[in-house]
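Reviewing the structure listed below.
The chains carry the letters A, B and C, assigned in the order they are written, with residues numbered from 1 in each.
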Amino acid sequence: MGSDNTDLKDFKLRPMKCECNYLSKSDGSAILSQGQTVALVSVNGPLDIKMTNQSIEKATLEVLFSSKGGKPAIGDRYKEHVIRQTCETAILGSLYPRTGITVTIQEMEDYGGFLACCINCTCLALLNAGLSMRHTFAAVACAIDELGDIQLDPAPAQLAAARATMTFVFDSRNKTLVCGFTEGSFSEDAHSEALERCRSASQLVFDFYKDIVSKYSYVIG
Amino acid sequence: MAEIYKLIHPVKYFNDYLSRKIRPDGRAFHEQRNIKLNVNSIKAADASAVVKCGNTTVVCGIKLELATPKAEEPDVGFLVTNVELPPLCSSKYRPGPPTDSAQVTSTLVADIIANSKCIDLKDLSIVHDKLAWVLYCDMVCIDNDGSLVDACIMTLMASLKTLTLPKVTYDPETEEISVDTSVRTKLNVNGLPVATSFALYKHEQSNIVLADPSSYEEEMCGGIGANLITCYNNGILCGSQKFGGCNLSIECEEEALKIAKERAQAVEEVVDVCIKNYELEINK
Amino acid sequence: MPGPDLLSSQGLRLDGRRPNELRRIQCKLGVFTQPDGSAYLEQGNTKVLAAVYGPHQAAKSKSLQDSVVVNCQYSMATFSTGERKNRPRGDRKSQEMSMHLRQALMAAIKTELYPRSQIDIYVEVLQADGGAYCTSVNAATLALIDAGIPIKAYVIACTASLAWKDGEPEPLVDVSHVEEAAGGVVLTVASMPSTGAIGLIEMSHRLHMDYFDTVLSRAMQGCKDIEVILDKVVREHLAEGWTKSDDAITI
């Protein structure tokens, strides 16, 4: 189930592989590898939650991230925050008032672009769980090296040489920016160029989603 | 009357204001709140600053300690930043362990400081592999009314800029450390990173960028904290984070970057003037 | 008793005060927007912030049928003391302080007025230079007044110590950190000076019974003096508030 789209030579991402329904007990799950980076996501919901956490307007979203070592760190809260904010905009939460949706992410292997992999995997798991969404979303990571060249979906060696790394998340309808976060310093031009490159490259991820979903619906149908 | 309307129709109340091109607190969309800054008000800390952006108030205190550097990085000191959101600062927080938002803010602040490279950690080294400074920078928010990261960065930078390190002599044979507090050198600070928060709101097909949002505005725009935070140091972008809220178009982003750039200059001026006044006062 | 030398030959203390002189008090009510009541208080170099939330609905497990639940939290900023504190709250000292704070304030709050409700009082010490507990109690009282919660009387806390001058005992009011550290006795009293009631009394070190009354009366006198100062500030603050009531809600 690899996606080697060679039409867009400029925008080559590392090969993606995905397996949905990887876990049998959760409502939706997916394991996604982008190159050597692997993430596993399970989605449960809508389900009953404590009265105090319920909202009458929309579903309460809970995101749990556990790293490979299993030891919680402050950085994990940040990742949870990013993923929760992304899901919050995508899921039609108002369809499930007074319920909770739990997204659990397990780090498997981190070889660069890990957060992007997590976000893409989360999207696939949400699709797999059959939750209503406004749009799907795709994350693309890139690195800017000392010369100012932009490298999409960087591998660890490229990350080590980079002066800045950026991750952008786009929605599927207008390809507008849902989430974005950067590390390192860079000029405004570099930022906007990277944004455009990632925006175009996000099409590859969306194509991959379509591919996966059509295959699974064929199996079910 | 207005208060009741706000309770019954929270969204419509907010929209009614925005459709008249004004925010509920009377500001224009791009208008920022007043900044008040005061340095070295806490004598127990080695350096400190209090900042008030509108109602958001953050106190930063820096404590110095000596430690042995890590074996893998023998020439590097430590800069430990931590943001605290005690239940005092808002009714949203309950007593207990640090909340998620406190941890997220801590990470954001630490990232911005690291990415801007405003402090060279090698400057904190005293003796190779033996001794280095640890800068414990604790920021306590005492009133949280939105745009928290901006205020944290500002108070942290103002504190770092006034920080002086006492002279330390180390005897390699006896391993004796002596600290001479009468001879102090200023810490090198490269530039002044300035963070600017925005809230993004979708109002009748158009996207609105609200600069320096209050906590009420942040809540209405669906973010836990601000939606967009951009950070400039010496005119170079050193961080741009966007979390949820409405989707960001290119025009909006350009608009935001322009505001952030202007604000960076304004804040730089505020900090410089404040420190200059302080130095004049102590040299008198 | 060979007490430490806390008084100079001129009868002045280490920081130049007379034995019955308080440190300078500066305070402000209503400093914050988020809480229902707040106050900032400086006694010498001890700086404290207090905020009051409530009364609001209490959590089911905690709520009482006949009185309000008072929840206090005392926390010290990590940079408030000479040595960096690792935990701003939750350590034994802070927990003890929270409990003492609650006991002192419970004595004054008209708890029967708000059954099934809860009042949260949060105190943050920004700089500690002796008497942090006293300053916290005084700041919390001001914050309660700012929140409009009915109290029976001002709760004021003050410390006193004992020094020797020419072989005569001389009690010292409002002990600073240097005097605390010098190792003398420190008596802390939280009282309601206008009624004469004592809400909490605590003493460290040894003191001969004969001198207890002198030290206690000096501390009580300190409480009375502080009350006068705070009362003036409260009256000024309220007078201000009524003249510019632009945020009044009209229905």
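Here, a contact is a pair of C-beta atoms (placed from the backbone, for glycine too) under 8 Å apart; a residue touches a chain by one contact, two chains touch by 3 or more.
Quick caveat, the model's predicted, so the values are computed rather than measured.
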item	value
Touch-network distance, chain A to chain C, counted in steps	2
Chain occupying the most central position, where position means C-alpha average	B
Remotest chain, chain C as reference, centres from CA atoms	A
Chain A-chain C separation of Cα centroids, rounded to whole Å	52
For chain B paired with chain C, centre-to-centre distance based on mean C-alpha positions, whole Å	31
Distance from chain B to chain A - Cα centre to Cα centre, in angstrom	28
Contact footprint of chain C on chain B as seen in their complex	1, 3-4, 42-45, 48, 55, 57, 59, 61-63, 65, 82, 84, 86-91, 95, 136, 138, 140, 142-145
In the complex with chain A, residue positions of chain B that touch it	100-101, 103-104, 106-108, 111, 115-117, 222-224, 233, 236-250, 253, 257
Residues of chain A touching chain B in the complex	74-75, 77-78, 80-82, 85-86, 88-89, 171, 174, 176-188, 191-192
Of chain C, residues touching chain B in the complex	31-35, 45, 47, 49, 51, 53, 71, 73, 75, 77-82, 84, 88-89, 120, 122-124, 126-129, 249-251
